Each structure stands twice: as C-alpha cells, then as structure tokens.
C-alpha cells in the first residue's frame, strides 16, 4: 500500500472541551474522516480524508470542530507552490489525469473587481426603486432591427413577425448543470425556483428526467456532443434549445460524468448503461465547420417547427468574437459565452485552470464585434462564468450582455462549500452526488427557497443600482458602457472593454 | 391536535434531534453541562430508526386511544386537557413497564440510571415548538395539525 | 472656440411657439419669452431655431456653419463646392452686442447636391453625410443647421442677447424654438448650445440622458455618427431614424422614446398589448432614459415630449392657431397672457403641432421607408393615438405657399 509522501491539505481541530462525542460528525462525513471509539467514548479524525467541505463543523451542535489549512507548510517557494508540489505527488502515485470540480480558482485578474459603476447626482436625479417602477423584464431571442407596420382603417397593425422569445422577469438564469453531475433534488429545486421567479434553468448535457417535464416552460434543454437524452419529447417539452459546443471550465474538451455517478435513474435519463463513464466527445462529431453548425441549428428549428429559440453555448477563448459572429450568422437566436471561471462537475485540472479567457473581456469583445458588423440584434448574448453577486451581473449587462447564467452561485446558495470534489460523487451537501445516503441531505423545499431568495435579493440590488444611475428600464443599461469606469487597468484592457478610466467624465 | 410528523425522505440520520431532546430534558438544559457534567445523563425521548439509507425520527404519537393510558396501574400516564398530549407524571410512576409492553410503537424508554421511570415525548411542553423540530437541519420534522382525510 | 466634449448636464429653459396655419411670427416674441426664463440659465449658452425664414431659398439646404479659423472656412467651402451647387453664400447678419464676445466666423450657404455625387443614396442621406464629414473631419468647423427654409442661431451668452446679436427681430417664421442653457462647465462652446439640428430636425432639450451610451451605439448601427459631443443629439437622430427611415408615425416614435411601463402594457387589451410589447422588444435600445423635456421641430410641425416619469417640467398651451410649449407657464403668458387652453402633458404623452392643411403633392413624394398610407393624407392611429392624423413630410419640404 503506497504511503502518501505529503501532508494532507487540511487539519481537523477538535476542541476537546466542547466535543460531547455525539457522533454527528462521524455520521455526516461521507469520506469517513471522523471515527468513534466506543471504548473511551471519544472521536478521532483522519485528516488524509478531509476535503474541507465543512459539513462536520457546520452541523456540530457545540461548534467543537474547526477545519484549517494544514499548518505543516512546505518551505516558502514563489515558484514551487504547495499546490504545484501536491499535483506532482498525486500524479506520481496514480499516473492519471488530475481531476477537479467547480471553476478555476487561480488568481488571474478579476475584471469585475476593477470596474466601477456610476450614480446620478444633482444634474440627473436618481430613481427610488421602492417608489417608482423599475423594469428588469428581459427578452431573449432574435429581434429585427426595425418594425414593419401595416396601417389599416382600424388602426396600425404589426406586419413584423417576431421570432420566438424567452421572457424573463429578471436578467438572471440558472446555468447548465446536468442531472448526473448534480442530484435529482438539486435539479428539482432549480426547476421550481426558476418557475417561481419567472426565469429559466438549463438541463445541461444530462437529458431531462420525466418527472421534470411539468417545468418545461421554464426549461432550456441542451444538445451537447454526447447527445445524452436527446429525443423528440425532450425537444418539444422545452422552452428553448441550446447547442453546447463548449463550456468555460474545459474549453476544447467534452463533458465528463464518472461512472460512480451513473445510477439507474441517470442511466435511463441519459440513455447509457449503468456504471459507465459518460464521456462527451470533444467536438460534436457532426459539426466540423460553421456550416455544419448551421445545419444542426436549422434541423432543431425544423424539428420544433420554429416555435422556440435555438441558441449556442461556447467557451470564451481567444477568437471568441469572430466565432460568435459566425454563430449568429449561422442562425442562432442566443449565444451563451462561458468564461474562464465557469464551473463543472469534473474536469482535468490543467485544462480548467489554463484554458480560456475571462468573461468580462470576452463579452466586451463579442458585443463590440457584433455591433460593428451590424448583427447585434440577431441574437441575445448570455454571459456566464463565475458571477458572484448582483454587481457582477450589473456590470456584465452594462458591457453588453442581455442576461447572465449563474451556476456556481446557485450551488453555493443551496449549500455548496466549494471543496472541488464533485467528481468523487461524495458531496456531503447532497448536491453533486447520486448516493441515496447523501442526496437526502438536500431538501428541495429548502433549496428552492434559498434559490428564490438569491434571485430576489440580487434583483432588488440590481434595481437599486439602476435607480442610482437614473435608469428605470434595464434596456437602457444594456450595452451602455458610459456607466462603467475602470481602475487599475492598462490601456489595452480599457480598450478591449470599451470603457473609460475612473476620473474621466463623459 | 398538533403533532410531530416526520418526512423520512429528508431525514439525514444525523440524530441532532436526539441530542437536543436530551438537552431539553436535562437538569441544566445546557448542552455541555448536560453531556459532560450530569450523571446520570438525561434520556432522549426520540429515537432515529435506520435501515440502509432510510432513516426517520420516531417518538410518542400521542394516540387518540392510547394503550399506555389504559395500562398504567398508578395513573401516572394522563392526558393533558389543553394540548391533548399524553404525559407521564414521573412522581407517580413505579417503573412497572406495562406501558412499554403495550405501546405499539415502542417509543417509551426505561430511564434506568435515575429514578427507573418511563420516559417519553412530552412535546416539550412550555416551548413554542418541540426542540427536535426546531433543530432538525434539513426540516425533516414538522409540528402541525393534520385533519383526518 | 474649440471642439471639446461637453456633457450636457442642463437645468435649462425651453420655449417653442408655432402657428399651425403657417402664419409668420416675428422673432421678437420668442426672444421675450425666453428672456423671462433667465433664471434657468447662466449665460453660457442660448439658441434659436426658426422655420420658414428663407422662403426665397425654399428648395435649397441652408447650411449655417461656424468656423474657428479662415482655414477651416476655406477647407469647408472647397469640400462643399465640389459636391454641391452653391446658390448663395454670405455671412450671417449680426449686430454688436456687448455681452456677446469672441464670436466665431458665422456663415450661411444655400446648397443643392450635385447629382453625380449622390451615388444611390437619398438626397437627405447625402446631405447628412456631408454634415457628419464636416463636423468630424474639418478641424474648427461646425454645422449648426442643415435644413431647407430653416436655420439655427446659437452661441455663448444669454439667449436674448444671442437673439439680439443675430438680429432675430428681423426674421419671421411659423415655428420658433428657443433654449437657454445652464452648463456645469466653466467654458462655453458656441457649438455646444442648443438647438441641435440635422436636416430639418431641431432639438431643444432640458435634461440628461442616462441611456446615452446605448442610444449612441444603437444609432451607429444605422450609420449615424454622434459627433456633436453632447447627448442631446441622440434625440434628433432617433427621431430622424424612426420617422424618416423606419416610417413610424410620430406618436409611435414618442412611444418608443418614452416607452410605457410593462404594468401599463399589461393592462392593455390583446392586440394592443402585443403591439406595444413588440415595440419595446424591437426598440429597447432606443428607449431614452433619464430626465428630459424636449421640443423637436421639423418642417411641418413640432413635438414636445417628456421622459417616461416626467422628471422635467413641460407646459403646453393653445390659443387659436397658436401652439406653445415651454418649461414654464409664465414664459407662455409673457407673450400670450390668456391662452384658450393650458395643460401639463403627462409623462410619455407627446404634444404635437401640425402644419395644416397638408398638400397632396408632398405626400406623394413619399418618405424613405415610409409605410403606404391607406388614403392619401391621413393615417388613422386607432384608440391610442390622435384620430385625425399625424403626418410627417419629407425632410426639407414645406407646404407653405410663400412669405406670410
């Protein structure tokens, strides 16, 4: 049995004065990190199993447990960080690809933290959202750039036939998280919260469980490279379809659901055998060029009789602007761009942390390019990838997004502590697992409530910020970069974002 | 009457209900003292039953026709007029255990270490809501009135 | 004077008067009305727009241009002469006024485009491209107005002094709009005063546009370049775009700029609700947010409009054939003490003045992108608009017969 050559990442500290040996921690740790000794009625811990999910510390009735980063430090080294060393030790032991979960955690610049918003004073009054209407309603879909009217004796009628639109009461949607990567209860909570708040959730590439068909009006179904769960009913029940070409967490490669997480229900929903790894291929094997994508978009539109928007999701990479332009010209009604910080249930660590670009730059580049080409109105842009709060959402809309997908944020609302071990299938919070012992831990009633609270709280904050800028309709902020200023950015960054430096007036 | 109901699909088997019930019925009602300093330790009136991944908390159902009430030889078991709960007056209990034998749910415990009386759920009389319901981290227990359907 | 960017943060005064039968009004009247609102300005900008002042040149585009230097003037004239027939050119007549100092060179030109340059564009688009070129590319030149039989007179100073300087008491027109400015910058730029103008559209604006950033980018999609360094220009361009190019009736264009709220739309019935929903979906980027009271003038009328929650004052009055729109009731009463009807227009509700009667010839000339009318001269709007019609004529054409 190989001996681990490095100290565990975490240190479990148990305050013996507070520990009453009630064994809640023992029962709750899915990694068997705590052990009860009946002989002396005490509990000890095995740090090598701790993943830092905080389940034990949170549920301990006396607050006896603290999880710290291990105090056993490697010698300080600016180049060979503890993380770099650990990765090599692990690979030397296993010879495999290092896997991880959730989004990139490296300290690349976060442009949202360098962008500041405006407020109106004196010359332009701010608006109080508690007293005046403040409109967040958003429409996603292809729009004409002008109206065609038909005057008649009874009044003017609309000659334009609008393409199908999704109507959102708030510009925030739940991002694609497959049934398989997350549990049944988690999917159910997302569907219920989306319906209650008048927005949408995305099935991800795991297909749609039959039990969730009643939520179809608030569901965006994904057609990914593995085509898991894609059949006629799946397309018909949905409000919109999204072709997944890539995702921010792993640009260039396909999705991955480890065999441990493929249970009976998953197998049925995805249409694959129980226990097999669900590996989506890197490209769609029928999309090798832009014209092939156009063919698929229109095949889906034909199959659904042009009754619902068909969008395309891509990862933010270097050439995201011309790629997005091609996608819009190929007939997509929506383009979802997933930035570097996008999350996942399982991805190779090197790809998650080194491939892709931040969403702020990608979004600004795509919005500017589409406007330059005069095609911005043909598709709605949805931005995704690590949105942490309502200010990030507001800034993204000002940069040009029509709406924003939140994934990690939604999971955190449900209880996730970002231990990044989703791929093990042992999520202690009952979110990223199929183990029936663990899935019970996510009460869908509680989760739905928390997701609804998050959306409502953020929506109120967005309204406050809009009012502060003297705006009472979100369409007046969308693409309005005059309300943004940058701090601590280079000329090049300011130019790509299309914003001025803080201190510059109009 | 209001009773405690369990939603077994949400019970995570953590047994925090048992811990808080114990504390509520201890002398000090403080968790550290109740566990570390009180001897004999108080007894929890709720028990989490487990089988595989199924688990749920079980306590006295406060039956409308309670066998324990009939079986009690001293009259220690009585029904509270206001809440309609079935309660045990521990002063009168002589520890004959007839109630335990007749209880169809097996929710009465023998408090062997102290006065050798029968202990069972009393709906935490005096509290707004029973402490097991208040402290369940996954809202698996509810305190509600359900009408017969 | 120099071109530097000045955000228009104004608390100002505006007044507009129109005779709907086309009868001439002397410039003195509008000057006394704007003078009464002196407290709303700080002397750093004033201006006037007048329609019907060049009847003898009615078929020519009257370009009013300001020049910093003779070099700018020479460069501009060369540029224009190459592309247009210049019927006449002369300095704009002025008289000395002790409060008006350092005026730029002020000239007017009466032009008609040379056919070989139009290149498939419409005449109006061609003249617009000339204006855009001069403003963006000729350093020290600024086109203050470019419409037919109308002109804009503006500069740094109180409006009544500007009016005196430009000898506006000697002009007669059937529409006059005026503006006094309160900019928060210490310097004034002659080109920065209101009204802003393109072809025969003029805008006087009291307010600040919070949606400017997106309105500007939306207009760029249609080829407009926002070169006048102020947010007011988007209103002029939006009206030009919606009415002249997209063929929307004027009341609908007002409903795009001051869009009704969703809960109001939700209370409408069936087809009307769908219509206004579609209008907002398509023209979301043309919604003008932020406080504003504007009067937009054009060859056959004018329209006064407030933002959707009316954050700036606007009063309107009718007296016989006269229509008045102003920031203050008192400004109207200064020149019309007892109007027949005075009212406060609601948020988003346009006040429309129309030159009547229309001449059939002008309708048949048509407008670019115009939707066909069902019977030659009226477009019926239906329940939510004016029943006996709005009409917008092609830019630069007026149906007045001659000097009143």
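Order of writing sets the labels: A, B and C. Residues in every chain begin at 1.
In this section, a contact is a pair of C-beta atoms (placed from the backbone, for glycine too) under 8 Å apart; a residue touches a chain by one contact, two chains touch by 3 or more.
The structure presented is a predicted model; accordingly, all values stated were derived computationally and were not measured.
The greatest number of inter-chain C-beta pairs in contact is found between A-C. Seen from the C-alpha centroid of subunit A, the farthest chain centroid is that of C. Rounded to whole angstrom units, the spacing between the C-alpha centres of subunit A and subunit B is 44. Separation between the centroids of subunit A and subunit C, computed from CA atoms only, is 48 Å.
Between subunit B and subunit C, the centres computed from C-alpha atoms are 82 Å apart. Put simply, subunit B touches subunit A in their complex at residues 9-16, 19-20, 31-32, 35-36, 53, 135, 137-140. Within the complex, the subunit C residues that touch subunit A are 5, 7, 9-11, 184, 207-208, 210-214, 217, 220-222, 231, 245-249, 252, 259, 261-263, 271, 274-275, 278-285, 287-291, 308-309, 311, 369, 371-374, 379-383. Those residues of subunit A whose C-beta lies close enough to touch subunit B in the complex are 17-18, 20-24, 27-28, 59, 61-62, 430, 436-437, 440-441, 443, 445-446. Interface residues of subunit A facing subunit C in the complex, by the touch rule stated above, are 120, 122-125, 127, 132-133, 135, 137, 139, 143-158, 160, 162, 165, 371, 374, 376-377, 469-473, 475-483, 505-506.
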